Each structure stands twice: as C-alpha cells, then as structure tokens.
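Naming follows writing order (A, B, C, D, E and F), and every chain is counted from residue 1.
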C-alpha cells in the first residue's frame, strides 16, 4: 500500500490512516469543515474535509485508524489532503505498528543493549536502584517516545534516546577519570523514566495532567525515593547522588531543574542529554532537505535555522 | 546575667555564650588568632581572640556553649568582642533555650493554632495527607527555623512562618470565591516541611548535603508521594493538586520551582509565602533602626535599601 | 430580549448591540466585508458582514449601539455572528447600561464602602490628600474600568479593584505591625487614579494619547504633587511617602515603576495590586470553563495556562 | 598653597582641606581611628588618623573645611594621607570655591550660552514652559553637579552637561529633518532639572530623601505639570510632548524611565544624554593615565575597561 | 507612467513592475494562485494572481521586471493588486533604476563627499588602510543598500548611511577633544564594508550564504587584516585600533559584536551607527503617515510604536 | 629540592622560585611591603615580604626566577610564605620547566597524536587549510596554555585541550551519521589557534593588547581567511564552513561568538569545547580536596560549588 511519504501531487487514494487530530471550522460562507492531521508509520500530513456532514463529523475520531478517500494537493509547497469521505473502522482489527513511527533500531535490540548497560554496573546500590526503577516502569520504557514532538517522537524513542546517551557516556567516562562511570551510566538509565507518566503515549501524543502539573523530573525523582525506601537504600550516598542527577539533568533552572549539577557526573549527564536530543532533531530536520537549503527556524534549537551543506 | 543585646562599649564580662562559628587567621606578624561568632537568645556578635594558643584553638568548638572572658569594643560603629580566654563546658548541663532565639509566639500556642488549621480542613483526602505529612515530620516542625539566615531564622520560625501564612490564606480565601479554601490551607501547611531535612537545625545553621543536592521543594514533594502511597491516596486529584502546590510555591523557575503555578491556589500560595517572609525580614531589619535611617542593601529584598519612616 | 451570553448556534436574531470595533476587509474574490466586535452587558462576540455595501460601511460606527440582523455560527468551537443587515440608531435614546458590563457590586455600594475607607484614615495629612485627589477625579472614579482588557474591564471596575485591595490591605495591616495602616489604605485609594486619564473610558476602550505618552503612574503622581501644593502639604513627609507609593506600585522597573518600593507599605501595595488583579483575571477566565479543562495561554498571567480543577 | 593634585609621596603638609566624609574604625589592637575623605578644588584623597582622640573625633565634621597636619604615603600605588592633627575652622571665613571642583567652562559663560538656547526657541508654548521651569529652579541650575559621582560631578556640572547636549542637539537636528529642532532643544534644557531636588548639592554630595524615594525624572515631570497649569498650557500638545521627553530620557525602563521614547526627538534626547555623559566620564578617566594603560572596570561604562591609545 | 505610490483604489492598469518575490498557494477549493511582491522605484505592493495557469507560474520570475495587468483593491486599509495577467520581458532592455529605490542624494555626490572624507584623514596609516579597503570593495560600495529591509534599503543606501555617519562623526569629534578625529572618521568609512559580501544586492535582497554563516562584521575584519598585510601595516597600532572598531561597532555582544568598545572612538562609532539608522527608519515610517497617527510596532525600534506629532 | 606542593606549615626554606606577580603595599604604620605570587612546576603560593627595603623592591621582578628565604605560615587555612630575603638570579642559567606547570601528557606525544589527526583528514581542502594554519602558528601551538587561568593553564595546555576535544569528536562523529567527521576534526584542530596571539604565554600569563581589543575568535578567523587566500581556497565551501566553526565555537553571542552554530558540526564543536574545558577545571579543583568537601564558588562553572563524593 502507498505510504504517506510516497504521496504524489494530484493523485487520488482510498486507504486507512490514523486520525491524529481533528478540529472543526466554518468557512466564510458558513459551511462546516474539518481540519485533520493524518498519519502512518512513514509520516504525518494535514488534510481538509470540506462541507462536512454530521456523519463525517461523527466518524472522525482522534486516535482511531479510519478509512479515507482523498486527493493530494500542493498548498504553499507542502502536500495536503483534500478528503472526500471518512469512515470509522473496528479498531480491534488494526495493527498499530503500521500507523505510528518506530525507532530505527529494533525494539528487541534496544532492550538487549539497555539490559547490558544495567548489568554492567558494578556498584551494588546503583545497580539495585536502576533495576528497581526499571521494574517499576516496565514495558512502557520501550513503548514511549522521548518527547511529544521535538526529538525521538516515535515508538521506542525513549529507549533509543537512553541508549544513545549511554553510548556517549561510556566514551566520555573512559576519557575523563574524574568521572565515576557507574554513576554516570545509572544516571543515564533513570533520568527520563518519569516521561512514561508525563506523556500520554504515542497515539494520543499529549501531556497528561500529571505531566503538566508535576513534570517528568519530579515524577521520576519521587519514584526513585519510593524505590530506595522499598529497597532499604534511602540513606545511601549513592541514592542521594542519583536523585541529584535526575533533578539536575536539564542543566538550567529555567529549563525546569530545581537544582543545578553539583557533581561532575551530573554536569556530563546534562551535556549528553542535550547532544543526543539535538543530533536526533537535526537528523530528522535535515534528512528530507536538499544540500544548499536552510531549515525553518527551529524552536527546540534556540530558534536557529540550520544549513545542509554539500559534503559527501 | 547580661544579655548580648545589652552589651555596652568598653565593658568587660565573663560569661557563657554559644559559639556559632570559628575561623582561624594569622596576623601580618604571623600570630594566629580566632574569628568567633557568639550568640545568646537575644542576639549575635562577632569576636576576635588574638594570639590564640593551641589550647584556645582546641577549646573553641562550633555548636558548643562555652565560657568566655572579653571586652566590648566599638568597631566601625558595630560592637565587637575582644576575647581573652575561652573554655569548653559540659554541654549536657546547658539549657539551650538561653542561647538560641525563639519565635515571639510561644511554641505551645503555635502548635495549638496549627493543629486547629489541620482540623479545620473538611476535605478528607487533604486532611489525611496533611496529617500524614505532620506525623512524618513530627517534632522537628516546631524546632526548625524557616531559613538559615534570611527570615524567621530562630527556634519555631518554620512553624511561625507557616501560621502567618495560614492566617493570610484564611483572609484571602474568604475574599475570593475562585479559591478552594481547604486546598490553600493544606498547601500552606505542607509547603515547607522539606526544610526539616534541608537545614541542619538551629544550632548548626547550615544546609545539609541533602539540602544542597536536592532542596526542600523536591524533598517535600517526594515525602508527599510516599505519604499518599501509604495512605492509598496516590490516584486522587487532591493529591496531584497538593503535590503541584509544593513544587510551584517559589513561583519562578529561577527560584527553584520546577513548574509554575497553574491553579489559583498555587498562585496565591506563592504570593503569601513571599509576603510573610518579606514582612518578617523587614520587621527584623527595621526594628533596631531609628526613624529617618536607611537599611543596608538587603540581598533577600532584591538588593534594595529600605527606609524607616517617622510615622506613629 | 436574548442576551449575548444566551446566543445559540444556528439561531437567527434581529436586535440592538453595541458596536465595539469595526475593521474593513476584502475577500479573495475582491468583495468588501466588515469585521465587527459586538457587545451587550453579558458579553462580547465577533461578527462578519459579507459583501458589505457602502451603506453598511457608513452605518457601522464604533461606540454606537446599532440594530443588527444576524445568524449565529460555530467557528472553531467559538460562536460567531454572520450579520446580514446593520442600521444606526439615535444614540440619545439608548440606555448604555444594557450594553456595557458592570462590576458585580452595585456602584452605590462601591461608593459607600470606599468613602468609608477614606473616612477611616486618622492621619490628617493623608486624609486631606486622599480626599483632595478624590475631588479632583470625581465621578470618573466609579465609571472607569481598571484596565482596557486584562482585569476588571467593566463599568465600576476601577472602584471594585480599589475596594478589593482595600479589604486585603486592612487584613494584612492587622497582621503585621511593621505596616502603617493609614499609609497603606491611602496608597490603595490613590494608586490607580491616573487611569481616568490614561484610558478613554469603557465604550472606546482605548488608551488616550496622554495614556500612551505619559502613563497612569506619572499622571497620578503629578496630580498628587498639584493636590499637595494646593493644600500646602508639599513639604510633609506623608506626602513624600504617598507619592513614593504611587510611583513604585508596579513593583518592577520593567513594568513601568520608575522607583522600586522602599518602605514596607509600598512593598505590600504592589503585592495586593497583583493579587486582586490576578484573582479577577482567573475568575473571569475560569468562570466559563468546565472542570478538567485548561485555559489558553494568558498574556497577563506570564503566558501560563491555568487548570480548572474538579473540587467542590 | 600646594594643591591635592600636587601632593608628593613622603612630604608633610599643614593646610586646610574640605572634609568630605568621616567614618570611625578600631584597629585590631582596639585603638580607635578615623577614615577621612579630603578634598580641594583639584582633587580628592583618602586619609587615616590613627589613635584618634575624643577631640579628633569631635573636630572631624563632614562638609566642613578644616585644618590638618599630615604626611603623604604611597599605599598600593595610590597616595594616601596619614593625618596627625585635625582642627575645625570658622566656616563663615571660607571661600568654598577653593575646595570644590568647578566646570572647566566659566559659570557666566554657561549662563549666557544656555540663555541663548532658551531665546532661540521660536515655538511660544515650548519657550514659555522652558522659561517657567528655569524660573522655578533658579540659581541651583548653575550650582549643581550632573551626578553625585559618575559624570560632571562638580560645580556647574549640570549646566555644562545641559550645554554639551544642546550643542549636540543643534548639530543633529540640522542633519535630520524628521526632528523638530525646538522640541529637541526644549527637551535638553529641562530634562535633568529634577536633579536640583534629587541631589543634596556639591558639598554633601548625597541623594536627598526625595531623590531616593521619587527620583529626578518624576520630580521634574511633576514640576512641568505644575508649571504648565500655572501658565494655562496644560492642554497643549507641546506640553504633552515635553512631559514625554522628560519621562523617557533614560531610554530604558530598567534605567528608571516609566515610558520609552515614542517620538523621534525623545529617541535622540536619550542618545545625546548618553553620549555627553560618557564622553565626560571617559575624559575624566583617561586624563590622568599614560598612553598604553587600561582603566579599571568602570561601573558607569557597563563595567568595561577602556584603553588609552598612543595617538597624537 | 503611473507609479506605485500613485495607485488608486479600484483603478485598473497594465504596466511593467519588478517581481520582488513569488510564492505559490492553493485556495480552499483547490485552485492554485500566486502571492506576488511587486515594486518600482517609488514603493512596494502586494498582489494576488488567482486561478494561476501553468503559464502564469512559469512567467512569474523573482528578480525580473515583467508586464502585468491588474486592478487595485483596498484590503484591510492597505492597497493590494488583483493581477489578471503576467508576462516576462527581455531583461536586457530594462532600465533597473526605474524599479529600485535610490538614495535621495545622487550617487555622484555621495562619491564626491565620501572621497573628501577619505582625503581629509591625515594619519598616513589610517588613510592607507581606508583607501586599500575602498579599492578592495570598489563600485559595490555605491550600489549596495545598508540593510536588506530595515534602514537605507535602497540603491546607494550603504554609501548614504556611511556619509550620514561621517557628518555626525565630524560634529561630535569637534566637540569632544578626547576623540581622535581621524580614527573616528576612518572607522565610519570602513565599518560596514563587509555588507557588500553579506547581502546579495538590491534586486535579490537576500542574505548570502557567507552573510548568514559569517556576518559582515567578521567579513570586514578579515578583509582589513588582509589589506593591512598587503600594505605591510599589520603591526601598526592604528591597524589594531581600526580592526577593533569594526568588531565592536554593534556595541553589544548579543547584537553580534565579539568584543565591546574599549576606546572612546569605538564607543562613539556604535552610537552614531545607531542614530543614523534609527533616524532613517523613522523618516521612512513617518513620511507616509498623517499627524496624530501611531506606527505599527517596529521590530528594528525595539518593538515600539512611534507617534507622529502635529508640529510645524 | 622541596617543591611548592610539599611545603609544610612553620618550616623555613631558602630556594629558587618564579616570581609570578608583585604588588607593593604600605602597612597601617606606614611601612612598605610586597605582595608576591610565587610558583614552581607543582603549584602557586602567595607570599608577603614585610618592611621591604629599596633593594628588595628592586630585586622582585615579575617573570624572573629568584632566590628567596622564607617561612611557611597558615593563614585562614591556606599556606602563605613570609619572605625574609629576595635576590635576583641570572635568568640565562634557569631551566624554566622547573618553574612552570606542564600538561600531564608529554609534549612529544601531544605532537604525534595531533599530527595523526591532521593526517587522518581525507578531504583535501580541509587538510590543506588545517596544515596551513598549523604552519602559520608553528611551535607556539605546543608552548601555550589554553587559558590564562581557568582551564588547561599550563605548558602544552592548548595542545592537550585540542587533543582531548579531538578524541571526543572522533567518538561522537562515529555515533551520529549526520556529522561530517573530517569537518568536525578540522574544526577542533583550528578553533583555538588564535589564542597564541591572544595570550602572552605561560610566564607572563596575561592577555595581549590584540587579545583584549580583538579576541582569539576573530584573530583565528582572520588567519584562516589569509591562509585560504594564499592557498587559493577562498571560494571553497569547506573554507566557509571551517570559518563558520571558528566564529561560532563559543556557542552563545554573549560569550563572544558573532554568529551561532548553523551546521551540526559547529553545534557539536561548541559542546565538546565546553565538556573538555569543564572536565579539566573540575579535575583540577577536586584533585586537592577530600571526599565530602565542597569547592568554593567557581566563576568558570557558572558560579556553582561542586561536591567531591566518596565513591571508589
């Protein structure tokens, strides 16, 4: 079946797509219409359904995979769908992996490599805390994106981001003896686990109420306090240092860290979080551009534009 | 016995004082000396012990009440002690209340009034959470200062600050129906409890390691998560809102709140925390000045100077 | 007669409304149309008049109550009017109170309670200054909104805001003896009087030229200097302190205060101005929402979103 | 008589100097001493009077010219006086111009040139306002410094600063027709008149209470409102524009302007105020240095260091 | 021929205009259209070409002068063109000066006056550097705008801006002896030459790749290093000072100056750059407005609005 | 011979040390003395020479190795020297490597490894530019510190910092295919070469005049422009990208970069510059502390304190 990434201007298709978002509008002439965001596992595209009937409006359900008939138009140099019909489907028969994007690395491999990092920690307190947190979060660790839209926003994104950081951490810890390798790796493995309560998951792609009122940093820190108490490790220095790493990993108070890094490992953690997120963001932004072009201003890159050079 | 507040220039005394702080120095001529900060329950004063012997240096122990012989000098319009002898005492025989300042309200009354506010909460979830946190912290709530030096830095200061805020909260909640009174009072009662782990207590007057690496906001928030789970209230909306109030009560990210107030009660909590702290700071600063004078620049008042007017 | 707040989707009405604002547009096909903001004393609503004739354009006069025929549409989940006809009316026959919103407290009561606060000042200098300023401003005090759009933007809003602050001031002055109650109340009563020259009043709802070039803080301060000179009070300390309170009441230079609060009463004045404005803003924003919803980002609340919780 | 600028290391003198400032200290050995700031019309120098007697302390009066005996020492490459004796004098016999620095331009010439600028204004409203303000302030205009320490801090400094700005204004107005020359000149002539109430004058060299609580911008603006009302010009557009220029002349809210420049003349006024102040500051700082040297960090130059180049 | 500035609502014209910019769109009904920015030497105007054919889309070439048939409409109080036909022309036959705006001063006069300033420099090193830079840049100096859109954005704008600054520099250097006149004039003459590589020139009106990746400050500084080395002047103090003036002329690091002004001439250079740019910006903005009106918020004036007063 | 790091309290030594810095003072009693900063290749220590004679003052020459007799004192928990005699030496007989600190890696090895990175670049333009810059700077690359005091401030520090960054670059480029490895390595090798003109070298340890007026970023960028022109590579895209990397490597305008990173390699360069500098700073700060201690506030670490944990 044709995929979103392969859509061509002026072609017509009838096919299933995930309805990511629906808003209603009314034209200047008073006719109702629907703004749709549609998606499969290769990309996302905007659509309009003009002269929407009551039936259309009832059928268009955010989070559902639905059957649509549409034509592909070019609007300001972007493709857009003009949808003619929409019908809901029996969601139980859907294979969701066709409709949400996945990490480029296979989930099984992500799990194996992250487990390898957990096992490689030799400090018993840190290993127990990391494994306790992993058990607490469970499968969600591999189902979640790392952010709702900015970077690694796909199935397995949180795990892929964690693994990318662990690889960076291993290389940097090997280069600077002032760093305790076990503490840095443990910090990487737990720093973002609170995101599994902050975000609603891939399909809804929204912040939860807990996410907006509390935030993943404080959620994850609270879980680590609970985990440590259950394991009888709440008085250990390693526990205090690992809690500090979760709290300080955004590196600046205005980015939501209530304390700033005060140990070398926390300082490095905030750097590698930043590097891995930005490399993923730039990869995504530049991958669909031609050499010699500039990106739009990118909010998550301090509102800068980036240039795609013409090197081999 | 003469109190610190009553010391007079050029007088000599031999008496017991709490040694708050000791640092060693050496004069230009190579002679060792001690800088001392000394205290009783009426105030604090600097002292110097010149030509310090090994015995002097061994005797001067921070946190101990000791026997000192000294003369009172005027140095740049401030009184200062020139200490001639210092001797340690049996600390078990000391009545500490003679040497640390106390809240102007008697502790028993603070307890009674704060208990009254706890009992006045009608929402069962909020009442259970507040009482659970109170049980967790216990007696420390009434022994602790509200800050190491800025405001309410005396025995019972944390409780006095909490009570002052509760009185403000009651008045404001009565004026604006958009506020839920129970939630606001509950927020007042728990917002600063983490300070009992952040600060080392009145005598040492220092931040703990947990205080510096974690901070009272995240400590208190973690305790509330643990308390809620023990009480089986972790899924309640009230729990989420109360957690949010602890996290947001500094009102600005650069002051260490990882999230900003997002409900009216949290907004008001950050205001009344600020008002009560600043009124206490100004009371202390202005109480010893004459009308027509200006204070020094005050760090905790955004580095401003304040004027003491001549009104009745 | 049906009120704006009661309008229903797809209904048609012919009725009188205040034309708050008119801008002209032209459609992609070259046809002229009018964007209208329409209002009665229950609310404000946008409207479009398509294919506007010269007569339509002449009839639509901002600040006039006019007769309109229209249909109510749903546009992006907001109601909007599709206006078919518009005709001007004899403005002398209009009862404006039907078309502008009023403070929830009746004007007579506002006057009585504010007069009560004026009379309660015992310091003769402060009382004379406050009464002098009141006489200078006169009736406008009770006709004006407190802001053009952000908070208390309705008939009597300025007086209601002043009264709300006076109630807060009375409660806070009673709790902190470091505050001079008369000075604080006097500051509340005069702090915003300059707004009667800064704003054009409720119907026009715009800043005046003096408002934009000078601002209500400097206007009010100048009036107080003139008032004091007329009363022979220009050398009094109380005059200086009250002038300082007007100038510093925005609390931060970047908010337009040329000096920062330097007496406790000025510090509290800036706090209670903030609290009363924000409580009014939140009341308005949350009153039309359902529990569980979030507001839009609110410019006057530091661009934050607020959550309407589901508490009783 | 030898002047301060001519003092030489290791010389001894007995002579009269203005006592600018006195603070008391006590040495490590308990002996009282005085820190003095002493001055004549060529400069300022620090002094110490060790082992100060009660008589010394009584004699040293800030603001008085006194007779001193002292030796000149080199302390960290700065000259400093070691004062041995100090005696008060009959202040009525003193010619103050020997002890305070004056503008390099003679006062009579300053007056003549500033009067010339006043007379050159052709707009009758602006001319009346400027002359009314000049009459209000009177002789102080020519006695005052332009700042307590930063720039033009000498007798006639305020007038010299005003004149320097008027010369700049004339040149710039001639170059850009978008500027109204009369309005710009009028703005220059009145913008800083409030400083005659903000500062205590040359000898005391301190901010007044009105200066600290109100500031020269709001003082001058209030005077202009009073002047305009007396002249019956309060409704004139020129009055509003001139008030705006006083208020906005610091160019940034964080520098104390409650409104920002909103007409071209106000924009230029803030630039030329800045240029004239900075040129005077740099002239003073560089005049005593050798080519190839750097200044200290200069607070009033955004904390920068400046380099004195070796050009002819 | 009618000029853009003279267009009247509802008139129809067929005439040649420069196509400054083209973007494609598609209407809600799926029909393609073109957004055009069109220009002659009196102004710029937006246009729409509805139902664009393939031929229309091929004909509309940015940077070309083309023949258009259109009607003038009023859209939100701005004039806009509804284009019916568009046809490309032989660009070799076009006199570009009809289609791009020019400095109000004639180019020949700009050249003569700038040459006069170059010849007036008496310091041989500075004169050689300025003439070397001038030879390097050549004719572009007089063809370029001073900015892509903000100020002096017309043929000869860079030279006119430079000359305006030189006139200011001459006046200010004459007033303050602390300034070296030759160094200041030399700084004015070379400070913006890098713009001839930063901008693509008047017709394209875009930043070059070098402009975006390097910026005119660093381009010009590099050219001066190369020029100095060719002339054997790289070790001269004057060279170092002139390099410093190029680098520091934006006056603040956040505006792209890698160092801040550290000599008086550099400080003044940044002021007069600012003054001349802002006077030109305000002249342009106010010239088409009526007295009593306010401008839009102006990005290059710190987002302020300006008022056009009614003075003669 | 005893080294600075081995000095013990109350011991007396006569030995040679490098005089890093000399300032003169005068005691309260009028006696001249010298403040000295003394150094060997293990560390730096302060000293005082009381009652300094003319001969002492003449002998103490900054930058010279001299013979000193002194006693070691404890002053506020820091060791300090009380110098009794000082005599200059024949500087030609001195082996400077005994008196300045060196990088922990041997210079020969630094050279070999950096040459290896140069040879590993396969892009011919980038390789030619890097080798051209290396030839231009020559031996200084291996003699210079990377900063005057903050990080890598020892013989070979610049080369060690460059090598540390190259190792990081190699690891990160291997992990993220969006990065061009050759460009990143080339950027690392040239980014700080301007420091060899910005700093005066290890013994003087001061910024040069060119360093203060121009800065190493603009110096290095200018050299690269000159190098590219000599090699005929000034029009190559690689040259432009490498110039951009030098200019943007501080990552923020307020840190002196005139442009912000706009290609992925420039973004990473600013990160790894930061990481290597901070790891070196922390290593130095923590190496002399005991576990459980906090550092002072560190200016180059955003004024934070760091904690030395007790992990193995």
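Just so we're on the same page, a residue touches a chain if its C-beta (ideal position, glycine included) is under 8 Å from a C-beta of that chain, and two chains touch if they have at least 3 such contacts.
Keep in mind that this is a model prediction, so the values were computed, not measured.
Shared contact partners of chain D and chain F, listed by label: B, E. For C-E, the equivalent interface among the listed pairs A-F, B-F or A-B is B-F, as over half of the contact pairs agree by residue number. A rotation of 180 degrees, rounded to a multiple of 5, brings the CA atoms of chain A into register with those of chain B.
Both chain A and chain E derive from one sequence, and where they touch, under half of the residue numbers involved are common to the two copies. Rounded to whole angstrom units, the spacing between the C-alpha centres of chain C and chain D is 43.
Averaged C-alpha coordinates give centres for chain B and chain E that are 60 Å from one another. With centres taken as mean Cα positions, chain E sits 41 Å from chain D.
Counting partner chains per residue, chain C shows two or more touched chains at residues 209, 212-213, 241, 262, 305, 307. By the contact rule set out at the top, the touching chain pairs are A-B, A-C, A-E, A-F, B-C, B-D, B-F, C-D, C-E, D-E, D-F, E-F. Within the complex formed with chain A, the residues of chain C that make contact are 27, 48, 50, 71, 73-77, 80, 82, 294, 305, 307. Within the complex formed with chain E, the chain F residues making contact are 209-210, 212-215, 217-218, 221-223, 225-226, 229, 240-241, 243-244, 247, 253-259, 262.
Residues of chain C touching chain E in their complex: 23-26, 28-30, 32, 209, 212-213. The part of chain D that touches chain E in the complex is made up of residues 123, 164, 167-168, 171-172, 175-180, 182-183, 237-238, 241, 260-264, 267-268, 271, 274-275, 278-279, 282-283, 286, 302, 304-307, 309-311.
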